[in-house]
Amino acid sequence: MSLIDVREVIKHYGGIRALDGCTMAFEEGAINGLIGPNGSGKTTLFNVLTGYERPDGGAVHLQGEDITAFTPDKVFARGVGRTFQLTRVFQRLTVVENLHVAAQRTGGFRAELSRWSSGSERARAKEVLDFVGLTRLAAEVAGNLSYGQQKLLEFAAIMIAEPRVILLDEPAGGVNPTLLSHLASRIQALNAEGTTFVVVEHDMEFVMGLCHRVCVMHQGRALCAGNPEEVRADPMVLEAYLGTDMRPMEHADVEVR
Amino acid sequence: MLVLQGIVDGILAGGLYALMGSGLTLVFGVMEVINFAQGIIVVLGAYLTYVFSTHIGVDPLVTLLITIPIMFALGYGVYALLLRPIKRDRVIMSLLVMYAVAVVIEGCLDIIFGGTLVQVHAAYSTSSIHVAGLEFSDLYLLAFGLSAVLLAVLYVILYRTKFGRSLRATTQNPTAAKLVGIDVDRVSATTLGIGVGLGAAGGMLFGMTESFNASSSYDLISRLLVIVILGGFGSVWGAMVAAIIMLVVEDVVAVVWSPVWGQTVFYLVLAAVLMFRPQGLFGRLAVRAQ
Amino acid sequence: MAVIQATPELLSPTEIDRAFRDPYALSARTRGISWTVLLAVLVMFPLVFTNPAVTSVAVFTMFFLLATVAWNMFSGYSGYISIGHAVYYGFGQYAVALLILHLSITSGVSELALLPIAGVVAAAVAVPVGLLVLRVRRHTFIVLTIAVMFIFQLLAFNFPSITGGSAGMNVAPPTWSGNDFNLPFYYIALGTAIIALALSWGIRRSKFGLGLLAIRDDEDRAKGLGIRVTRTKLIALVISAFFVGIAGGLYAIFVGQVFPQFAFTPFYDLYLAVFSFVGGLGTLSGPVLGALVLGPLQQYFELQFGATTLYLIIYGVLFIVILLLLPRGVVPSIADRYHSLLAAHWRRAEERRSRSGPATPSAVTTGEARTESVPAVPTVREGA
């Protein structure tokens, strides 16, 4: 059964149709890949899913509930966390504080008046930092971290809230290979525990190796979906990436990049 | 007829406020500096005109040839010395610095000229033209005309010159502008110079239309800020339209109701508009949409 | 959950614990001692220096202290720089003046009992004002707060039947007088400032306060992490306005007069912002430092040169010099220095460790190799 259903979503920016009747579904419990050429509407779709943008038409359902008009905080409260293409951490807060921002939004206003670091929350923050391997940077101000470390921190900050779905927008962009394989292993470990992922990525090797299922977007619509091998072999995908002349392609993962 | 006269007065005065406000919004658009000193700069321009015309006997219009270069240099210098070194928290830091600059200028003007209200006089200060039962004050016609000319010059500079292109590039993305070889600091300094120069030109006209002293700057800056917010921060066209709308509203309310309420309504319009369009009439929301 | 051991023994347990619980740079003991000493000095000050001229400067400094701490609670933490807090200052003043006038209060003690009302009035005003101005951000917010302040100044001028207009209002003086006249004002302001400071401390350590700081750094992402941003900002503004309103009420009783141009004055916010900036925006001790150092200086200049506007020039130049020399504020500079020392300490500890004993590389460099056996999911075509 699909966890997120996107139905005929339309989003215009001036004359540009970023999403043009996009319909797709993301599987529960899977690592879903979302690929497509630049400007095919992947990030816009993320923005619509998480309430950062209101679509001009269509609907988004999360396990049957219509979340189209939800604001970002409400979407998050439903268990959907996301990262951003250009990493967004709270630059002037420490690593630990970054984690606690996301960790705490349950229990109404009374809970907000309590300290942000209760004993159990501290233990949980430590656990998550251990998980992504940032423990020794716990007291560092987030803005001082390297770009790759910030990506991990952003991921950890989502993770600590234990969302059902995590949307990752280009997690591999600008991250060195070692850190990337680390990130991939973390994604798989979390997925094994039941978290659903949707990953937007241009690194084909990363996507094809990690994802159970890949959706392809082109010009604001869903082009096709399937398991990595099928998508890799699909001529429509090549056409979308390379334009109308369908050149034969031997190493999809190399050329697609 | 009273209302019509109010509209005419409002449009003419609106032209003048558009001129004074355009400097403020231009400077903001290019470098995100809220020039809190614009009010006192208008007053400074008015005082310079006053000195040259009263004590030397030059026609106020001619004094522009002296005051605009002086004020341009002032703006350029303030940027180079005080704003360029600011690296962090630019928006608030530059506001506070310009605020302090305003305070210094106000103190100086007050010491030199005292608190007495003065006004610049010229031959055409009191004459007027009557058309179809409406009175067009020569002075305001001149103010409107000169504002139109200066704003047209500004338009040509912005959209028809290489400097204007650099300036617009800097407005949109200072970092990228720097990367393609634009000397952002020089563009910014020149822009502040132009903004201050426009303020001074407005000051000359302001000095003829109203009597003023150093504390007039607060009333001025609050109105200019309202106009600039309403027009949308950084939008020169927005500021012009907003200036005319606001002054028309103020003058119409002033003639049909009372001058006191004219001023108050001026602000209430702002509050009402912002309820529905927080970004102003022509502005864009400062939201990072990724 | 699978946990990778990421060099856990590098830090002592206390260090780890500190990192996970404490937002402050200095240790709890150092902080405790500093605050106690400072408090003792402030309490003793008017008892040691009894000259009324000196204590009156001290009283104004306490007013500034209270308002600066309150200003920082909203603007410092949320990053929404308000240059319109004079609105709440002015409402505090007029609330007290009008209440005293209409309730015909003469006894000094009940005058002071009006202070919480002044705070509540200011806080109540902050709700509609906040709902309007908090819809915009950054520079537009700043300018809008200035505009709102001028609106209220204008209204105070335009309703002479209520406010006395430009003629201002007189506030009946308290019953006490003489050499100890200043003392009650001093201690009430100090006490309220301590309450405000305690609240500021509590906010800094609460989830609410962390939400504010997150809004300062990236409001959209904060929203995406479930923080109800509008409510959070508004509550902070209301709390801040409450204390500034009390400062206004105190000022009105102390000075005995209220004028529109001094109640709703743009200068006031220049002071609050500069004091906070110099000490360190968004820190606990920064505003205290700024107000205690610059407040008396401001008073001194006003007394010394207040007859002419020379004092304006001196302020202006002084503020420009301070802002350019100390763009980051004193406290953040120290905090950063401390953080980098701490980080260097950890790096050294790690190097020592890797030289001795078997290497236990950190998790970051040894992330498990990606498994290739990914379970395939049946193909589903859609859209297209």
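All chains are identified by letter, namely A, B and C, in their written order; residue positions are counted from 1 within each chain.
Note that in this section contacts are C-beta pairs under 8 Å (C-beta built on N, C-alpha and C of every residue); 3 or more make two chains touch, one makes a residue touch a chain.
On a predicted model such as this, the values are computed, not experimentally measured, just so you know.
Participant: Just to be sure I understand: the centre of a chain is the mean of its C-alpha atoms, right? Then which chain's centre is nearest the mean of all of them?
Facilitator: C
Participant: Let me check something: if the centre of a chain is the mean of its CA atoms, which chain is farthest from chain B?
Facilitator: The chain farthest from chain B, judged by C-alpha centres, is A.
Participant: What is the distance in Å between the mean C-alpha positions of chain B and chain C?
Facilitator: Distance between chain centres: 33 Å.
Participant: With centres defined as the mean C-alpha position, give me the chain A-chain B separation in Å.
Facilitator: Once rounded, the distance between the two centres reads 47 Å.
Participant: In whole angstrom, how far does the Cα centroid of chain A sit from the Cα centroid of chain C?
Facilitator: It comes to 37 Å between the two C-alpha centres.
Participant: Mind pulling the residue numbers of chain A that touch at least two other chains?
Facilitator: Residue numbers touching two or more other chains: 52, 84.
Participant: On chain C, where are the residues touching two or more other chains?
Facilitator: In chain C, residues 220 touch at least two other chains, as defined above.
Participant: Mind listing the chain A positions that touch chain C in their complex?
Facilitator: Those in contact with chain C are residues 22-25, 27, 30-31, 50-52, 71-73, 75-77, 81-82, 84, 88-94, 96-97, 100-102, 104-105, 111-117, 122, 125-127, 129-136, 138-141, 149, 152, 157, 161, 178-179, 181-186, 188-189, 193, 209-213, 215, 221-230, 236.
Participant: Considering the complex alone, what residue numbers of chain C touch chain A?
Facilitator: 1-8, 10-11, 16-21, 23, 205-211, 213-214, 216-218, 220-229, 336, 339, 342-343, 346, 350, 362-365, 367-372, 374-384
Participant: Enumerate the contact residues on chain B facing chain C in the complex.
Facilitator: For chain B paired with chain C, touching residues are 28, 32, 34, 36, 82, 85-89, 91-93, 95-97, 99-104, 106-108, 110-111, 214, 218, 222, 225-226, 228-229, 233, 260-261, 263-264, 267, 270-271, 274-275, 278-280, 283, 285-288.
Participant: Could you pull out which chain C residues touch chain B in their complex?
Facilitator: Going through chain C, the ones touching chain B are 81, 83, 132, 135-140, 142-144, 146-147, 150-151, 154-155, 158, 220, 266-267, 270, 273-274, 277, 281, 308-313, 315-317, 319-320, 323-324, 327-328.
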